[in-house]
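What follows is chain A paired twice: with chain B in the first complex and chain C in the second.
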Partner chain A sequence: MDAPIYYSRAEYIETDTGNKVSRRATIAGPQNIILGGKTIIASGAIIRGDLRRTGPGHAVVISLGRYCLIGEGCVMRPPYKTYRGNFNYYPMKIGDHVHIGNGTIVEAATIGNHVEIGKNCIIGKFTIIKDCAKIADNTVIPPNTVVPALALFAGSPGQLVEDLPESTQEMVEAHTKGFYARFQPAAAER
Partner chain B sequence: MPPIRDKFTIHSKAVVCQDVELKGDITIGAGTIVHPKATIFAIAGPIVIGAGCIIEEGVILVNRRVPSRLRLAFPHSSSSRKEVMRIGDDNIFEIGCRVECPSIGNFNTVSARARVHHTVRLSSYCVIGAACLVVPTEDEIVDEYTVIYGPAAERRIWSERGKIQEADLRKKHAEYLKEMLPKFNRLRRGDGT
Partner chain C sequence: MAPSVEYYCPCLAASPHPPPPHLPSSSYSFHPLHNLFFCEECDAVRCNRCVMVEVSGYYCPNCLFEVPSASVRAEKNRCARNCFLCPNCRNTLTVVPSDPPNDGLDRTSPIVSTSLGEPPFFLFCNYCRWDSAEVGITFEKPTGLAAQLQKYEDSAPEALEFDRLKEHFEPFLRASSSSSAITPSSSHHHSNPITAAASSALARDIPGVGKYNPLTRSRSGRDKGAHKTDIPDYKARVEVGSAAGLGAGGGEADAEFVRHLETVAEVATVEQRWVNSWASSLHTGDLKPLRIPLQSKKSKRCPSCRHILIKPEQKAQSVRYKIKLVAANYLPAISVSLPHARVALEMMKRSALNRSTAQPEDQNPAAAALLAGKTYSFHLSFTNPLYDPIQVRLKKAQAMPTPGSEAIGEKAKRPPFQVNLPSAAFPIAAFAEAWEYEDDEDMFGLEDDDDLDGLGRLQKDSRGKARTVGVVEKKANVTVVAGEVILTKEARGNVKFNMLVSYTYRSDDPDPTEGNETGTPSRHASNKQPEMKNFSFYTVVDLGPIVPREETRHDTDL
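Let's turn to the complex of A and B:
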């Protein structure tokens, strides 16, 4: 296994289900955010759970699956549009084993399982990213794009570069699990 | 440079979140929304923001332009004739963009992580695409309805199709945020109240 990635214990809050959330992340409307477990939210990330769908009752705004990583300085905000003359924000759903690189802006509607998104990307409003897709660093995905399964997208605007091998699912799963295992508190503070 | 004195004039109908970094002389008009983690620095002179603008997370608005003729005439004195950075009505500044324009008209869109340098003045109805760099070396006024897009910052003119729909969307967006943001975020008030 690779060398562990140490973090300071004072900075991260660990929940019962193994989520690790930095105190330096900005999380608005936490009651509208669901974390699946073993998900890491790095410092400087902004997650907007306050931009919820209007209407009565409880509304989930952002749901993240298991073994996700939200990199440093990421912005996750739900997409908005008017539908039949009413303005609304719409929920964002992210599957399991999704890694999002540092400084990326995500306004997607759906992100599938085993998706890797690079650094400094911009994922436009209502983008749908299917399972096992990969987005290279610095990619700009325009609004309403559908990224098919097992595709590598890169460039500005983001375009299909190549198809990924069928082993991607296992590779990404091993990588995300490995990352979570390596992400541990600094030994000096134990 | 004398120290920058903070003076915030925030209209009672504006929504400015607590978690916003403000510095210098800033005026924010009615119905303008400032999301948390935005930064507004009025360093070289005051910043005046009109009505109905939306300023999203991580946006940086800076007034750092010293008028060139003043700078040439008195390179070391801080002139009292500071240039005001004026932003009109109904503009939207999306996540992480950086804008230094000394004047901005109405109804412009600056998309996510675009960067507009202080040599540029935006007129009205302009769109700066996502991650565009607009950094000309000489002063320039961007014409109305100009769209700047793509990694090479290419330009074309908007046909004005969907203008009413776009205006409507923006109005509803601002109204929605005005209602929703105060429920989840602490707000900031001006000095006057």
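Let's turn to the complex of A and C:
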């Protein structure tokens, strides 16, 4: 059993669905951000929900699934491009059980379920990361890259290093659930 | 490094006992639990080294197109659509149009729509800014690029040469395939007809190359004679010496090129060149975009009974499996921790809490160190994946080796450390889905106050402090037991030992996915039902490196 990870109760806001969002995180445009529940956003993270698609109506900019972790100092920024002469932002969709390490910058279009992204990575614009993939620490994934399912990418530019074992899904799920369970307010402040 | 437990797969050794854990070569026999498979038929652990792997489907890792196996060979195992690798940095290339305001500034935002663009199109690397216009490759339309590049590929000297070789050996191959079918048992897998034919041709054409013939002793001279008579001499399209003239590298031209180099970047690196099947030009400017090699989904079989252990779903990007017999569903998962390191860590964290939340990865090595000459207890936590309770018995493997470092090997006759494990069997409760749904937070803080089964055996160490070897904690399907390790004063290296784990389980439903009979209690070993079965496996426990005393003092000073 791993030791609990304590945080000070004053720092984190807990929602009804169990999301824990640090007050020190910068959440721009919260009305455009969806958190699936039991997702943790650590201090210093920046989530740019304000970079929405132009045009009328409600737009979801960033959606996160359940049991995700946005590490300290991460930047989550929707990708943009100029299509038919119009500059526009595009939504970013992230699945369940996705952990993103500290200091990583994400501009991906889609991240699947059970994905682990290491520390200090750069995930380029419109990257597509499929289920159960893993990005090692300090990896640079250039724009428009596709990371297939069950692949470990590392290096700069990120390249396939090896295939991950068949039981990756269970392992990542256990890890993310365990992390959420261990992430609890410090006993002294209870 | 954190303490770890790895599981033994006996596929590399003849004996069922694992090799001594301190040898570097032993690491090939031990694997993390999640990398192992379990064959129900053989009742044995299988690893990635011993399973038989079959390709169950091909796909392109970039466009994720599932390539039918019929066309894989025709397309030379590479994506035949629009996927290319940068020859410079191996990033995937993007198709970009040459738009009217092509003043160089536009290139800085290459993600322009292809529908707006005007021909010619070219391939552009987002990472290193290489583009195919540099090497004179442009396209009239942005689709079907591989087909448009086909003419370059087909006219390459190596492709022509290979086609010619194939053509040359084709009649022989056809003739011999029928004859070798008569004696299939004698055919070694190295000795298929094409290998034999190629080797005899090589031996003839290149002086000094011995003819490769694994069958010299086993086969009669009749076959050897047949090789010689049937195959006419192969005339290469390009003579060895003249290849340099085709820009294929080598010779005086390269020497001249290198002599007049201005920057190193003009020379293509070995990584950029060595995927080619043909000696290629040294010039960076001659690098061509590469079609992306296909990836495959694999199914895995047990090497002895050929039952399928892993069978993926057909869809390339699905992570589900039709059959998945992984060891984690059969063997108890073991994790090891050092309580003294955790206590030290907790202290650090509490003091650092007012800053921010500390991450578990930031472990201070000094706090978790094992000092030579001291005694430490360690906790092994066992998680039962079965739907029935099991009884586990631990035993340290015999023949405790001395560590590999020769300095110690001479001096110390006795082993550098001694391990005490709980000798009595201990139970682990069954796994139940319900525990998954219990509120995680309540689960966590819960200390199971059940009596510790009387298995705990109190010991006094040198400082008179009580230590326990035995069951420490039981909750849900997890049981934690404590052992202890006594380090000698001159101990060096890693504390690493083999541990035999035996467990008893109900054999009537060995498949945990079938039965959910948690209601039937068979908790005690005294329950002598004939259906109890036993399974043993070896593990290696690595508690981490031993720190000699002087060094630690130095470390903690820092």
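In the analysis below, the second predicted complex is superposed on the first by the 190 of 190 C-alpha atoms of A that agree within 3 Å, B and C clash if a C-alpha of one lies under 4 Å from a C-alpha of the other, contacts with A are read in each partner's own complex, and residues count from 1 in each chain.
By definition in this document, a contact is a pair of C-beta atoms (placed from the backbone, for glycine too) under 8 Å apart; a residue touches a chain by one contact, two chains touch by 3 or more.
Everything numeric in this text was worked out from a predicted model, so none of it was measured.
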Which superposed partner A:124 touches (first chain B, second chain C, both, neither): both
Touched partner set for A:184, first chain B, second chain C, both or neither: second
Touching partner for A:9 - first (chain B), second (chain C), both, neither: neither
When both partners are placed on the shared chain, which of chain B and chain C touches more of chain A: C
Which of chain B and chain C A:175 touches, first, second, both or neither: neither
First, second, both or neither for A:50, with chain B first and chain C second: first
Which superposed partner A:82 touches (first chain B, second chain C, both, neither): both
Footprint overlap on chain A, where chain B in one structure and chain C in the other make contact: 81-82, 124, 140, 142, 157
For the chain C and chain A complex, residues of the former touching the latter: 34-35, 59, 61-64, 89-92, 94, 109, 111-113, 115-116, 125-128, 295, 310, 316-319, 321, 324, 326, 328, 335, 337, 342, 345-346, 349-350, 353-354, 356-360, 381, 440-441, 443-444, 478, 480
Chain B - residues contacting chain A, complex: 19, 36-37, 57-58, 95-96, 112-113, 130-131, 150-151, 168-169, 172-173, 175-176, 180-181, 183-185
Complex contacts: residues of chain A adjacent to chain B: 26, 28-29, 46, 48-52, 54, 75, 77, 80-82, 86-89, 105, 120, 122, 124, 140, 142, 156-157
Residue numbers on chain A that touch chain C, as the complex places them: 1-8, 11, 24, 42-43, 72, 81-85, 102, 114, 124-126, 130-132, 140, 142-146, 148-151, 157, 159-160, 165-171, 177, 180-184, 186, 188
